[in-house]
Amino acid sequence: MTVDFRRVIRPVAIGTIALLTEYALLGTQQFANALTLGAIYALIALGYTMVYGIVELINFAHGDIFMVGSFLAMWIMTTLLGLSGPVTNLLNLVGLLSIVMFATMVGMGFIGMFIERFAYRPLRHAPRLAPLITAIGVSFILQNIISSLFGPSPVNVPQIVPLDKFAFMGGKIGYLNVFMVVLAVVLMIALQLFVGRTRLGRAMRSTAQDREAAELMGVDINQTIAITFFIAAALAGAGGVIQGLYFGSIKFDLGFFVGLKAFTAAVLGGIGNTTGAAIGGFIIAFVEVYATVLGYTQWSEVAVFTVLILVLVFRPSGLLGQQLGERA
Amino acid sequence: MTAAIVDPPPGGDLILQARKVTKAFGGLIAVREVDLEIPRGAIISLIGPNGAGKTTFFNVIAGILDPTSGVVELGGRRMVARPVRAWLEPVTWVLPAVIIGALGVLAYQASPTAGGLIVLLALIGLIAMLLAAIVRPTWYRVLLERFGVFKSARPNEMVRAGIGRTFQNIRLFANMTALENVQVGMHLKMKSNAADALLSTPRARAEETASVASALRYLELVGLKGRGDQAARNLPYGDQRRLEVARALASEPALVLLDEPTAGMNPRETREMTELIGRLRRDLGLSFLLIEHDMKVVMGISDRVTVLDHGECIAEGTPDEVRRNPRVIEAYLGKPPE
Amino acid sequence: MTTATSKRLPSPWGRLRARAHDHRSLTILAGWAIVASVLPVIVMIPPLSTFQPESLWIDGFANAGVFILLAMGLNVVVGLAGLLDLGYAAFFAIGSYAYAFGASPFTNLQIPFWPMLLVGAVVAATLGILLGAPTLRLRGDYLAIVTLGFGEIVPAVFLNASAFTLGTNGIGGIYKPEVFGFQFTLENPVPYYVAMVAILAITMVFLYRLQGSRLGRAWMAIREDELAAASSGINTITTKLLAFALGASTAGLAGVFATSKLTFVGPGQFGFQVSFTVLAMVVLGGMGNIWGVATGAFVIYTIQAVLLKELNQFFAVLHVPILQSIDFVQYQYLLYGVALVAMMLLRPEGLFPSSRRRQELHATSEDVADVPPPTEALGA
Amino acid sequence: MKYGKLGALGAGALLVFSACSGTTATAAPGTSTAPGGSSAVAAGAWCVGGTVKIGTELPMSGGETANGAPTANGVKLAIKQQNAKGGVAGCKLDINVQDDALNGVHDPQTGAKNMQTLVADAAVMGVVGPFNSGVAKAEIPISNGAGLLMCSPANTNNGVTQPPEGDTYRKTNPTKISYIRTASPDSIQGPSAADYLYKDLGKTSVYIIDDTETFGVGVGDTFQAEFKKLGGNVVKRDSAPKSTTDYTPLFTAAAALNPQGVYLAGTTPTGMGLALKQGRTVSGLETVPFVGPDGVADLGPGGTQGATITIAGAASHDVYGTVGSAHDLADNTFTAAYTTEFGGAPGAYSAAAYACAQIIIASLDKASATATDLASAREGVRANAVNSANSFTTVLGSLNFDKYGDNVHPFISFYKVDMTLAGGKGDWTFVKQESFSDPNAQ
């Protein structure tokens, strides 16, 4: 019974409450902005939380993987598909988008696996901080590769989705915003199903629970971890795609801060808990946007982390994280 | 399920009293309404098949787990019970600061200086409350009482109250030497603080040498003479158990909780351990609560035995009474003890 | 605590170590005296001398000292107490601004240098407590993100509370130290060098004493097994808090010194890069080993601030064919990343691991930044 | 090598040397010139080793490469052209590149160390830099003590030069200032933009967004003050750090207050280009004028399509910009030369850096007549450059500097984006220019 409550009712409850409060405080227009931003944070936060859940590593390079994803998508759109402006024909648009999305996600997935294989796996039995430092190193490397390939100044992304808007409940919502949120939600549900229903998903969960035991049960740890990194990076890639489409301009160093906020979201939701990560992402975005609405943009980061600290003081394992005895 | 009150041994008052202790993890109830009383100077054994909830009960007494219900008293003082309104405590830390801070932000619009000062005030208030929460001065306790907040004693407070313990799955400081492990056990008995250490005052140095000396004594006591310099992780299994006992004794407890002290020991080591326990009770007047599977040990040294099965106390009494108790025999699958 | 063993070693080296151990404080002071007098000589030898004139090396060493100080402080938190702190730069910032407030035209105060060192340390420690008190109950990684957040908050506050900090303009024209009537100048780095070495030596003496004290043991005990430590009577929260405060105060010292030397402080100087760099210094130097950490800090700072920036000149002077023509200045950041990864892959335990750490290397369960999952405690 | 050849045609004897000086000027920063260079033309006795250097002190790595690298290129170009002309009084020029970025972020500590390095390099006659005012505040005390000239192509923060704050950086030699800058201080550029928006464009309400950087906040504040003084209404003022990726909420909130214009107080590298792009998409702001300082109107003097238009694309219409230099005096050959040399359009501050180099070269030329050794030459350069009697003809027009090192006759040129230019991509077109009196006159 309690288990059921933890698994289903609480997430739904918290999610709904959060969304309603957001809407009440922000109004349609800003609510749409917050949701769109939240979608991106959520997608990245999922990656953080999955990787952490399975190897207990704070993958600081994840934010930069997201950044690389946005550049990969940009490269595919401009160089491979030769796109420059909006695509008005809906069918073409859908086709192109799915191509870009698929290619980017797969590409990033392999990059993620590659990084895990060469930067993290050798250190799996080293003291915890060793892979952490490596992660920082990897993030430096990714940033510099990108900046030497595409230059240090902002790079444009062709906005192939027209920026048209439709009136909705007193606000003007862009189709793109809707697309982004829907996409994020779909991907999250897909992830849930994958982790919950498939054999690999079970392997992941068992590995996260107790690696040794899982190994004894015949789970291929290396493969499982590799796949986790693949999925995490793929999700970040998806985030990168919509980042480019929505903001239209990307920079080689946008990874860190977005990643930092996404990681905060993961912790806020209860690290290791995918649903929590998603909710956390939307909450962080909400806090940021609300700070802006109040006219304290420059304090938004402060606000975000203050919220985090407060939440952790009252719920030391995050909103949805299972309560481990913190008295020991 | 109440066990009969043990008749206090000569000059012995109750050192620990557990009443109706229940601990549930989610659905499953690991310990159900167990009563236990330990007179001063007594050796009480806790037996029962695996998964009977012995260690859980141990952890409740040691202040590691909060019971779902029931109370543990030390010398008549309520130490461990289900926390009441624990969530209120953080509120008391944050609330004042938040209120003052909000005022400050408002004032900031009017005059930055004033606002800033008020915010600063809020910060100071926050620091004060947080420190109070750690040092726990009387006024803070009173405040919590006001709010009806009760929190169980933390493990270290139980140690201060005179309970030392060992763990079923040995938990030594693996990368520290045996000597250091014992010295850590003396933590509460040592008075020198950070300042002493920084200036390495005579007091600190004297205490340090003294602690080394007595740590060596404890090591000798448990039979680890000359092993002081070895890293705990490199000691053989039996010695690690002994080292844990030494660490527990180093805090000069009145009551020692031993979780399977002879597990994995050969007969000779077991005998030595048994003798050690008896000797400690005789010489230092310590009381013991043991979890033990080796019936020889249990029957040999216990004053009284409590039998747990599926979290319930199914029998309590002297070794002989327990030995004959049909429910106990049944619990052990009719296999008669020894 | 290896007194006995080292005493038993027959070799002269062993006897020396035994001596060193019995008079550790003296040894450290002597060690620093030697280092401080040797360094200036070394840099007069080519190819080092080709990089830059001696005065600049000395100046560089004084700056490196700041990072050594930071690394030694963070080592208390991460290496000894096993708390993962990713926002260490915050305390550096607090120390720096403390000095800026205490001795600059901005506030029209001119509090002397030595007292300010103390003030900076105390202020930083106070804020360390402020941050630690609510958060040190958290498990390792939650603590990590909270500290990371704090590290972002503090500079943001200095940036945005412009009424008190001049915001993004930063506070300039800060007074240089004047010690016993002797005025430090920007032209002559030697006084800073000497002062830095003195501060370092004293700090290290203190840290070693702490490490060997009851408190130091408590820290290590918590790092090894928090539950067992608590069950041995250690108040884990206060002990961790002390580690936090101590680390913070060291960073405060570093901040005061750095600012007094730079005579300028702005919110841009304390980004996450600083925290990460210092953490890298601690890990690469070998957590828990004070000398090792100090060396690690020195090595990384030199790589970052001198070698990478001078690579071009280096290859040009040696006339290395291809390398000569590559513009390394723009790749130094990349090279730094590669260096981090490589060093970790090659020596995950750091360059100079403490004896303890080395034993621990292949034990995944002994997790420097993690409290053993309390499920252990559930047992039964 | 192009210039090397041109120089050779001019003066055959120089072919060999100008070729190799060309390499040293563009590649391997901080190198000392290969020996033998001095033998090309007999240099004065003061010119020890036949080569003197111009230092650059800019952020060259990590996130700020975009700021530093093109700026340094301006200096490299000037040096190369000068060497092609045979150097200064027969003394060859070389460059000493210093990078004040640590971990990819400009760092005053590193800047100070670099300044010490440049001071210690006796051959350095003057320094072009720094890029960030914060770094300048850490460096000026050093250069002031050592009497080494710094010429910043980018600093505009009032406090760097103007008292009372400015004095705290010149404590060692209060009278012998060592720092000049080509850009007009915030106290001129901000207000002039305010005047333009209020008077010329007739907008009475404005929304200001700054990038929390020294430059952005500086112009933002001065703009705000002037706009209010004119009777305008500042509906909202926001500060968005350069880490911001989503400006939409900001503009959504501002649009609710119906501003008639927007002032982008910052630079395109710190997010203002993105802000423009996203701000346009917010309903209510589709057509209002966006005005920005020279960090937004990032055009080479020849008028090249800068990063802002590249980023904002179709959103660049109705965008106005101020640039802190004269337009009509601008030397249009610079852009062409730069593009041929480095195969790309100049950065926002390349020309200013080029101008700084020109000033140093001219001063050195003057000083070389009386100089006896490198030290006296260096002092001569400083003295000549800061002497307000000397006026220098540069790519930015004629410059001379007052007692605090600010340009005596600051110009502000106004530009607007014309979307019909550059094949519909849009480009900056000159609108008008105003000259101002010395900001530090009284």
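As written, the chain order gives the labels A, B, C and D, with residue 1 at the start of each chain.
Here, a contact is a pair of C-beta atoms (placed from the backbone, for glycine too) under 8 Å apart; a residue touches a chain by one contact, two chains touch by 3 or more.
All of these numbers come straight from a predicted model, not from anything done at the bench.
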Per-chain Cα centre nearest the global Cα centre, belonging to chain: C
Chain separated most widely from chain D, comparing mean CA positions: B
Inter-chain centre distance, chain A versus chain C - centres from mean C-alpha coordinates, in Å: 33
Length of the line joining the C-alpha centres of chain B and chain C, rounded to whole Å: 37
Rounded Å distance between chain B and chain D, as computed from the means of their C-alpha atoms: 69
For chain A paired with chain D, centre-to-centre distance based on mean C-alpha positions, whole Å: 39
Contacts with 2+ other chains: residues of chain C: 134, 159-160, 227, 230, 276, 330-331, 333, 336, 357, 360, 366, 374, 377
Residues of chain B touching at least two other chains: 64-65, 90, 93, 154-155
Overlap residues in chain A, where contacts from two or more other chains coincide: 143-144, 256, 298, 301, 313, 325, 328
Which pairs of chains touch, using the document's own definition: A-B, A-C, A-D, B-C, C-D
Partner chain A, residues of chain C touching it in the complex: 78, 84, 134-135, 137-142, 144-146, 148-150, 152-153, 156-157, 159-160, 226-227, 230, 272, 276, 279-280, 283-284, 287, 330-331, 333-334, 336-341, 344-345, 348-349, 357, 360-362, 364, 366-371, 373-375, 377
Chain D-facing residues of chain C, complex: 52-53, 55-56, 59-60, 63, 105, 159-160, 162, 167-170, 172-173, 185-187, 189, 258, 262-264, 266, 268-269, 271, 273-274, 276-277, 304-305, 309-310, 312-313, 315-316, 324-325, 327, 329-333, 336
List of chain A residues in touch with chain C within their complex: 52, 56, 58, 119, 122-134, 136-141, 143-145, 148, 256, 260, 263-264, 267, 271, 298-299, 301-302, 304-306, 308-309, 312-313, 316-318, 324-326, 328
Sites on chain D touched by chain C in the complex: 27-32, 60-62, 65, 69, 97-99, 101-110, 112-113, 116-117, 120, 132-134, 137-138, 141-142, 145-146, 157, 159, 164-165, 168-169, 171-172, 212-214, 217-218, 239, 241
Chain C-facing residues of chain B, complex: 25, 30, 51-56, 58-59, 62, 64-65, 90, 93, 112-113, 116, 123, 126-127, 130-131, 133-135, 154-156, 159-160, 165, 167-169, 171-177, 179-180, 183-185, 187-188, 190, 192-194, 196-198, 200, 204, 207-208, 211, 228-229, 231, 233, 247-248, 250-251
